[in-house]
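Have a look at the structure below, then the notes.
Should a chain be cited, it is by its letter among A, B, C and D, assigned in written order, with residues numbered from 1 in that chain.
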């Protein structure tokens, strides 16, 4: 643990912000990529009692000892509490037991709907990897947290394709679809700030990252983004949070990317 | 492997690969399918960590039924993009699932019923576009539900740690959709790191996830899952996945990659030799961690 | 055990017992429910090898949701007959399932859906008389199917070989409906022959069938399943089952049996002492048969 | 293994007859009681390749080494090929993979319907144990074999309660209910003979046990039982069959009962 940690990067800020969305003792559906690191940070700082569920069939009470490139890397199986089938963990998700699930996305819209299937570049349709477990998590977990780069092409008025439903077209939409009452997007953590959602399902800017100006956030959002009256600044990663990240991911494989 | 693929996986078949997600992906079977020039395959799997991308790039595939196709640690699948966006080397039809709904389709097949009910995909465009997902009224209450139609692949290729000669298979670690996938499929090819005596298997019947009477062929193929990991045998070759990501970005680079790692090698043994001893050594198990015994005595 | 039963199983509760069929029946929990004078319980289980009969005879039960209630090696359950035929000691409502449909009800509960589809019970009077089985048209083809309504017991009592203090539980042998039963239930009480360190459990995560966060109480109760067997710990006491069959035939004999083996003993330790050292010795493991290790290292 | 086996009893004759309903290599759903012994006899005589499925979640390629009082007795788990959940084996059954299943019954009727739930004695309703897995096996296995005592109270014109469906009211009934095409009763092995079924689903006497007279069978059957033109005598247990039974069950726990 370095005495004077070097200044934290944006990736580290996002991982720290993501980790704070996990409350102690919660059941967490841990998604691919950055969230795997965020879960470890939460476990080793403020949420030692959190339990991680992985869509490939793993349940962990202890954080993995090494950096995970994928959720099926050997360090994530060794010392796991439970290893089983995908349906074992998806069943727990569908029962409504999962408190928070993490997702990445290519596009998110005004109502928190996600697209990770069909993109577009210079007017041409582009193929993205697809849902994975994202649609399931977005449908069935109580809270959903999304991480993505902040950019007009990614924060769009309306996604071209709903891979993972947010609040659809707004208030009451999820229930009308038949989705569980206690479910839906909770936060969108971008490279510029953190968006949260009003009771009618529309996203608003709740906090901005240090050194970011609100007008820049608005100009890089494809719709007229509402801003919270009590807009705060995203608090920087603590020394403890950075220490965990840099111990687990010394080469910044995940945190350098942004 | 040549024989198992030749006998059991014709062109046009619906094939389940990668049932354990990022663990134990049957790369050696996929590469043999490429070498034997299969065409018009329908690939089925929850997520695919570059194997589907390679088979699509090699032109073996006309349809993909999956939740996610790409490179898990590096990102997009370049061959998938070329195929879907530009029909290079040929057009591929995408039938988009979520992980859960794909697993439920196989579960329905394994349970011998035409569908399984779920709340997932409600409100999504997966539901709108995938004909195997259909809304229906619950027969026991006022809710609406989604019916996931049963999936019955022609062949499931399952990579496992060990099996006996009859195909009774021990599998451990994250199981993904392997158990239902094997039962739902008309044929099963087991690719095992080790072939063991039946007494090893029956010493722990709770670890037998595929009974031998479901298995059409057992292939002994050490390192058959590289670059994906096999818990207790070897780790994930992260560098290989990154290299593939770079070397598949351009079409001509991919073709060179394919010649070097698939078409240019006779079988898995040759592949492992090309990989080199120090590479495989670096991926080998450094510290064993054996399960506590369970007593089946009386 | 006293505390776990007192805290988690009130009168009127719906309780799952005997999820592993003839193995690991939680007799000690059932006897504690009798001693604490529970009433109006709904008992849920696929088959019951004399435990339900004892609890019915003791007057704890107002409803049974099961596929089979009796004495597997000896035949009928005399207390069940007295209760259903003559309301002695009180009337019991029977909700008749088949093994498969009971398992599917718990599976639906475990999967968080209102029902599971099946072809079983078609044409039977179980379908006609059990309101939790209902015919409906398949949403994906022209067939008709049976919907089995989800079962969500208030408490599942699962006997297991070993668990850690958090309730992470290792179970082996035939599993019956234990896995779905634990997940479908609102609370789970694990009764274990051994309490072990968490490292023993996590050394084999594939053998963890009940994760601790589902468990409300862990009870360390050696011999808690006698006279039923616990693989690797003790065998089935066949003579005890035959003796119970004879000693429950007449009401007064059953009452004497109940006083001797349940009401007259303070707890399981006293029960085991009464059983006698030579009896338990004769049931102990004569020849250990340990599972082959699985390597979780890398 | 005795040189001159003592004359076989009725129980042994029934177990031998039951074991012959198993063909080599078949998947067998083994029921409670006598069928557990019949499976071992088949495995160790004419059907070494048969595989046994047990509703509690066990699959065996090798016969258990000791007498089983219940299918979950420790000897049935030790050396099993597979141990898992009830749904694992029931799923294989529902897929139509099981060739033959064995059942006991309190009552069987003219069309092979079984009752093991509600009986009657001196006009009073009596409670029987219930279905167990019998209804599932009767619905879903390709062939079903029933064992019971031969007696007017047990072989009745019409069962009072269909616990496990046979051919219902005759030809076409199973399909009309929605049951699988290839399924239904194949044989009823009683203490007097073996009944089989015509294409229209009615039971007829196919063979009688040694020393039993046809008129006695008819007088102890509650309906006018048809008799096969080619009525045969049930062949007695072979020395090999008896040797297995008497090795596994020396005290005749199962075979003495009748």
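Definition applied: a contact is a pair of C-beta atoms (placed from the backbone, for glycine too) under 8 Å apart; a residue touches a chain by one contact, two chains touch by 3 or more.
Since this is a predicted model, take the numbers as computed values, not measurements.
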Where subunit C and subunit D overlap in contact partners, by chain label: B
Mean-CA-position distance for subunit D and subunit A (Å): 58
Inter-centroid spacing, subunit C versus subunit A (mean Cα positions, whole Å): 41
Where subunit A and subunit B are represented by their mean Cα positions, the distance between them in whole Å: 27
Subunit A, residues touching no fewer than two other chains: 58, 74, 77-78, 83-84, 87, 93-94
Residue numbers of subunit B (touch at least two other chains): 112-113, 118-119, 143, 145, 172-173, 175, 206, 229, 231, 235, 289, 296-298
Touch-based graph of the chains, sorted into line, ring, star, complete or other: other
Contact pairs between chains, per stated definition: A-B, A-C, B-C, B-D, C-D
For the subunit B and subunit C complex, residues of the former touching the latter: 112-119, 134, 136, 138-141, 143, 145, 147, 149-150, 161, 170, 172-173, 175, 196, 200, 203-204, 206-207, 229, 231-235, 285-298
Of all residues in subunit C, those that touch subunit A in their complex: 110-113, 166, 168, 183, 201-202, 205-206, 208, 211-213, 296-298
Of all residues in subunit D, those that touch subunit B in their complex: 27, 51, 58-59, 61-62, 74-75, 77-84, 87, 91-96
Touch list for subunit A against partner subunit B, complex: 32, 54-58, 69-74, 77-78, 83-87, 90, 93-94, 117, 124-136, 138-140, 161-165, 168, 173-174, 177-180
Touching residues (chain side subunit C, partner subunit D) in the complex: 20-23, 46-47, 49, 66-70, 72-73, 75-77, 80-81, 84-85, 94, 96-101, 103-104, 107, 118-126, 135, 143-145, 172-180, 229, 231, 235-236, 238, 241, 289
